[in-house]
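Reading through the structure tokens given below for one structure.
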Amino acid sequence: MSAPDRAAPLLEVEGLTVDFETRAGPVSAVRGVSFSLAPGEILGIVGESGSGKSVTCRAILGLLPRTARVGGSIRFDGRELTHFSEADWEHMRGRQGAMIFQNPASHLDPLMRIGAQIGESLRHHMDRSGPEARRDAIHLLSSVGIAQPELRVDSFPHELSGGMKQRALIAGAIACRPRLLLADEPTTALDVTVQARILELLRALNRQHELAIILISHDLGVIAEICQRVLVMRDGALVEQGRTRDLVATPKHPYTQLLIASQPGLRLRRPRRTGAHAAGQPLIEVQDLSVSFRAPFRWIDLTKGQVRAPRIRALDGVTFALHPGETLGVVGESGSGKSTVARAIARLLSPSAGRVLFDGADVHQLTGQDLLRFRRSVQMVFQSPYDSLNPRLTVRQTLAEPLRRHRLAPPRKIDERVAELASMVELPQDLLDRTPRQLSGGQCQRVGIARALAMQPRLLIADEVTSSLDVTTQAQILSLLERLRAEAGLTMLYISHDLAVVRALCDRVLVFQAGRIVESGLVDEVLARPQNSYTQTLLRAVPRLALAPQAQFQAEGTAHAPG
Amino acid sequence: MLRRVAFAGALALATLFAAPEQAPAQDAIRIASPYQTTTLDPMRSAAAGNIEVYGLLYARLINRDAQDQLQPALAESWEVSDDQRIYTFRLRDAKFSDGSPITAEDVAFSLNRVRTDERSAYPAPLGSVEDIAAKDEKTVVFTLKAPFAPFLSNLDVWNMGVVSKKDVDARGEDKAFTENPVTSGPYMVKEWRPNDRLILTANPNYWREGYPKTANAELLEVSEAKTRLGMVQTGEVDAIRDVPWSEVDPLKTQENVELKLEPSTVIYMVLLNSKREPFSNAKARQAAAHAIDNKAVTQAVTFGYAEPANTTLPGAIDFHDDQHPGISYDPAKAKQLLQESGMGDREVTILIGTSATAEQIAVLMQAQWNAIGLKSKIQKVDGSAWWDLVAKGEYDASPTWWYNETPDPDLAVRWALCGTCGSDSFYTFYTNPKVDELTEQGTAEQDPQKRAEIYKEIQRITTEEVSQIPLYYPPYANAYSKRVQGLRLTPSLQWTLEEATIGG
Amino acid sequence: MSVLAQHGLSARRAVSSWPGTLVLGLLIIGGWLLLAIFAPLAAPFDPNAVDILHILEAPSLTHWFGTDQAGRDVLSRTIFAARVDLFMCVMGVVPPLLIGVTVGLVSGYLGGVADAVLMRIYDVTVAFPFFVLVLAIVGVLGPGLGNFFIALALVGWVTYARLMRAEVLVIKTSEYALAARSLGFGPLTIMLRHVLPNALSPVLVYAMTDAVLVILAGASLGFLGMGAQPPLAEWGVMIADGQSYVVRAWWICFFPGLAAVTLGMGLALTGDGLARLLR
Amino acid sequence: MQTLSLLVNRLLQLLPVLLGIAIVTFLLLKLTPGDPARLLVGDRASEETLAAVRQEYGLNRPWPVQLGTYFGKLAQGDLGESIRFRKPVSGLILQFLPPTIFLVLYVVSLTVPTTLLLAIAAARNHGGWADQAIRVFGVCGFTLPVFWVAIMLSRLFGVELGWFPVSGYGTGFLEHLHHLFLPALTTSIWLVPVMVQSLRAALLEKSEADFVTAARSKGLPERGVFWRHILPNALLPTLHLLGVMVAYLIGGTIIVEAVYAVPGLGRLMVSSILSRDYSVVQGLTLFFALATVLVTLLVDIATTLIDPRVRL
């Protein structure tokens, strides 16, 4: 719509460099980035973590830590920001340019009411009185789509959902009608349906207020949703920029091509197994499974007028089966119970009702050798790459531990087997003696997979294994899983909030909502013709690029895919 | 809700602070002592803090004056029968603090309690008495079992005060002595805050006309010597007991404070347990005694303010043998004696309580015993445990002190040297039939000259046999504010508070 | 996540880049340790050699730190006391630490009845003011270092248990602890190998502060006459005994006081450094 | 209502704790060598007298009987009677409570402003000379024995300069303030470093928090960010520490009370232990337990006032 090369740009960045001073000498985070932004334009910056996109963004508002050295030039509305004094910044921030962040929960002061936090900048920049600021805050809250703003204005952050927190943060950012909004991964921590609504809100704000937006994301799909232009960054440098449509359609730089090719749902195509083989004995049978957590015990609770606190239901009468060789996807938003079901199957928590049968035996009744055999047969890979590895153990120790425990290799052969496992997950051998902190997220996740594989399990449960990884890493891990499944004949339970990933990997899918299964069936059928309204909502919310029909991309897209 | 809670809390706090306050205290003489008052019943305790108080609350039949002479007090006059067995006292017209008259019956009641009540802390001074009876309203008759020379002297001991029979009968012992006892002495209790202070005010009915000269007094319990010292220097109190020896010199130069070294019947000595080896062996005890240079110890501990001890009895009592050469400091002889005793290979335990002086003595002793080859280790326990262990005889040696209530040596001998008088010679379990016999002779004999000989002999025997190792005779080191006149601590641990005045 | 962390700058820290405070703190502690070990060589006199004729002598060329109320050389006693005080730091900290860590680990990880019982014991102990309980126990068992250590062990574990339990409750739900369970490891292995090493940092940092507290508690007991048994040289007791001579002989308590402050400083610096290193 | 609910629960949980404390204290005391009768009647008493006195106080009965009697009385809310003074224990505690509470509140009111001042100065000046000076002061203040500080201050400000009394509690609010100043100062010198360390660390941590960056991104001046966002958030852990310390001080000012002759609970405790006044020690430990719980409760209530996330 709006031309990128309009006459008077709002923001001009030229040759921006940012270096951090560390004990080990300066580390360069941004090297010579130049771009411009027209008033009312939405610009996307895409790149992996560490690519310098956040640093660039923070440099524009002078929010870098003291150890940062900024070089080059940033001109906002004709004024040079790199020479700004603290007083200048106080004038500029909030009034001219504002920012929203990835994790809304941690960016709201937990001790302060929402209204007060929004009103803060109004009182500072616009000299609003207390009651005025409150009135404006209510107005702002309603304008960012929060229902019952008169009530919410007096809420504390913890009383709001994740999406509402982000809306409140946006309301605070646009309170003083800035001309520029910097949005640093604003939807990454949110569920996909919420993400869609936030993006919609940003687009609406852009239209209504001529608000220029820089949207930062690692997800090209998100960027493609609303950005007119996009910058691609890698290792602190700009590798490509252009109109979104052009860039997605004809990426020039190999990295951009890789980025696009890594989008799930585009690459992995494999023949799906239909229900034909499902006739035999299922490997796992979940029967009417419920899990509830008890609230903290109190002898007498006068507030509730009852003696015992209620239970919180995380899983409510779930029944399904998983057949050998099958890959079953479980999708749902956070809190829908999908992780709970995984842990109940792996016997990491006890159900309050119902059974889990493994090879016909009740998993939660197993003891002794039977339990050990079960442990060997069912393995889990966890969501967080760093948290799933003991930070005090080296990779080698982590991998050797289960081998010793279950005597899966003779003591002399353990090193050999560890090396074998590492190569199985494509982990360089020279990383074996490092601790998790010295590894990247993707590398950690490979270790987690290798640890599970060490047991030669029959069932692999993967719980959101790629959700905190960069898109290119995610693609690598997914193809690794796919390869392992094919080679080792694994049965897999794959849990994800990302429909695209599920579609790429799974045969069947279960859709969870509020602890229940609301829809199930073959992946292609469910995703093509969702019966349940919730499934439909989920599906609609997925950023378009990711689920983009092959009609649009496949012809060109596959051509560029490195394979 | 919360605000209301906070308000209620504030209110509660406010009343808490407001409650115990009285009107600002009038000018009073304040005395700080390390010893605490635990009871106001003169029968019930022989603990140091209580001793100081009894004389202020309860008048006795006779008093000892500054010249060491016995003077009539509640008793106007007395007569002794020819066989020295019957003492008849005539009471003066005196009243208790509640206005009721002090009768012969009260006297008999008070002293019979001390003498016969099984809970009486110190019946010994009346041990010679067979009967006490009120002959009429104003006449009390004491009948002795046998002639007893120190009898009159013993009537001056701190637990001989007269309490009101009527009040004790009416209120019961517990109430009568915990709330506001009816008193016969110069003061009565205004308020007792246990573990903190005793606030006294003049008894308007005190027999001695014009006394006490100062109407208000407070006895404070302050356990830290440094704190007492600071208090007298800042004028927060007018008198303190037990100035540490190291502070005596510095205090002498103070303007507003006067340091007095007052005569005492205190003796510092080392208990030796004669019940178990090695000190059941007399030679071992002698070796231990000859090993100690008590002149040097005295100098080191008291900076020379005390007199090195030469016998087992306090230096200030009657019939003390000043001529006795004492136990010489002779390491060579000590070594030899130790060898002869055959106890040289025993390791002994020096038991001490939590007193800095005892600890210093123990350390010095240990070094001197080491020098003759007597091995020892120091065991330090708190005061309560110290009594427990000492009374059970579970120790070898223990440096400590004691004092005598009267100048007459009888009580001292019975307490510290007599093996059959109930105290096991101050739990040393030392016993010598000759000494026990002499003890009885000493009280039966009325002639001072002959008594002197008897006590000389007792001192000679016990010193040579080393029933205890005498160390030194210290004076009381007390400090007084210069604004107070006439206040002193008598050798029998009584404050002359009734004669003290503020002014000047 | 901070900007720096995204660049992996704070995560990768080489062992060689120890915080300066840690190095300095360890140097001070090390210095005292050396002095303690070589006390017989470093001290000019026997610390317990009584010289009744030379008491309370001011610092001189013979007695650099003067002599005390029994004529003993204050310098020698100060040096030898380092042995006792360092020993006190170890014995006053390690047993409570072991008890507290075990209790915190077991009650935090196992939960349920074990947790309920241990936490009630914890409540009982914590409801006593620390010093009162130490005093009561020393009163029961009698003064002396051994009983002091027993008292500290009975009282001091609660803080460690609380710190440990809080950490364990977090680590217990970490994915690596879950992973260890799914790998078939028993509770004991998981507790010792996975939970314990990762939960130890705050405990170790607190241990340094606790060591200072131990010296102070020892000194306070000395003041109340319940500290180390004479004639053993210990800084706290030396200060406590010396304070009654402060007008006549300031050196008796000044030098051991100085010693205690330097060691305390070393411990505090080490704690500070550990906190940074382990963060 | 919620507060009340919490209070009820806390008190219910307290019951087994109190029971435990009573039993532990009782057994501890029974194990202690030493005899209250001896200290009561004094040096010269004979064994017969001692036996009579023991009989009188029931000290010669088997300890389970004694314990049973004690609990029987306790159930009726009777803490018993002091063996030494023949006075009700509850009365003694009430007699010694006001100075202790006054002292604790005094210490808090000296400590809190000082802590805020120093910690803020240090944190805002992170790494600067003020920060270093405050930390050095902290270490020194923390490592000095309390009794040493107490004696020195007493000599300097009491004896030499004569500015403050060296003993007692005085009568009336102003005199309390005057008399307890040195004891409170002594305690604060020890307490402030502990609190400053905690608050300083929290301030530094919170000043890097995301919501602080967010506040800065709105253009709020640095001062406003500090007072409105950093400080309130950093106060919580320090508040908890303060609670722990106050609970500790209620019975833990023993040394200070001894040196300044303050008639407080610590002093009562020490002298009761030393003279084996069993019932007073029992009563005091129970009281301390109760006080600890109450202080913790107060802190929790204060926490809910600051932090809306925390529910009672």
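Each chain gets a letter, A, B, C and D, in the order it is written, and its residues are counted from 1.
Following the convention adopted for this analysis, a contact is a pair of C-beta atoms (placed from the backbone, for glycine too) under 8 Å apart; a residue touches a chain by one contact, two chains touch by 3 or more.
Bear in mind that the values here come from a model prediction, so they are computed numbers and not experimental data.
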Based on the averaged CA atom positions, which chain is farthest from subunit A? B
Counting contacting C-beta pairs, the top-scoring chain pair is B-D
What is the distance in Å between the mean C-alpha positions of subunit A and subunit B? 85
Inter-chain centre distance, subunit B versus subunit D - centres from mean C-alpha coordinates, in Å: 37
Provide the C-alpha centroid distance between subunit B and subunit C, rounded to the nearest whole angstrom. 44
On subunit A, where are the residues touching two or more other chains? none
Touching at least two other chains at once: which residues of subunit C meet that condition? 2, 139, 142, 224, 243
Among all residues of subunit D, those touching at least two other chains are 1, 13, 32-33, 151, 155, 258, 274
Taking the top-of-page definition of touch, could you list the pairs of chains it picks out? A-C, A-D, B-C, B-D, C-D
Complex interface listing, subunit C residues touching subunit A: 2-4, 6-9, 11-12, 17, 174-176, 178-185, 189, 193-194, 197-198
If you look only at subunit D, which of its residues touch subunit A in the complex? 1-2, 4-5, 8-9, 12-13, 209-211, 213-222, 224, 228-229, 232-233, 306-309
Under the stated contact criterion, what part of subunit A meets subunit C in this complex? 20, 22-23, 27, 29, 49-50, 54-55, 58, 64-65, 67, 343, 346-348, 371-372, 375-376, 378-380, 382-384, 387-392, 401-402, 405-406, 437-438, 448, 451, 455
The answer for subunit D against subunit C in the complex is residues 13, 16-17, 20-21, 24-25, 28-29, 31-33, 138-140, 142-148, 151, 155, 208, 247-248, 250-252, 254-255, 258, 266, 269-270, 273-274, 281, 284-285, 288-289, 292-293
Quick one: which bits of subunit A touch subunit D in the complex? Just the residue numbers, please. 61, 63, 86, 89-95, 98-99, 101, 103, 106-112, 120-121, 124-125, 156, 158-159, 169, 172-173, 175, 298-303
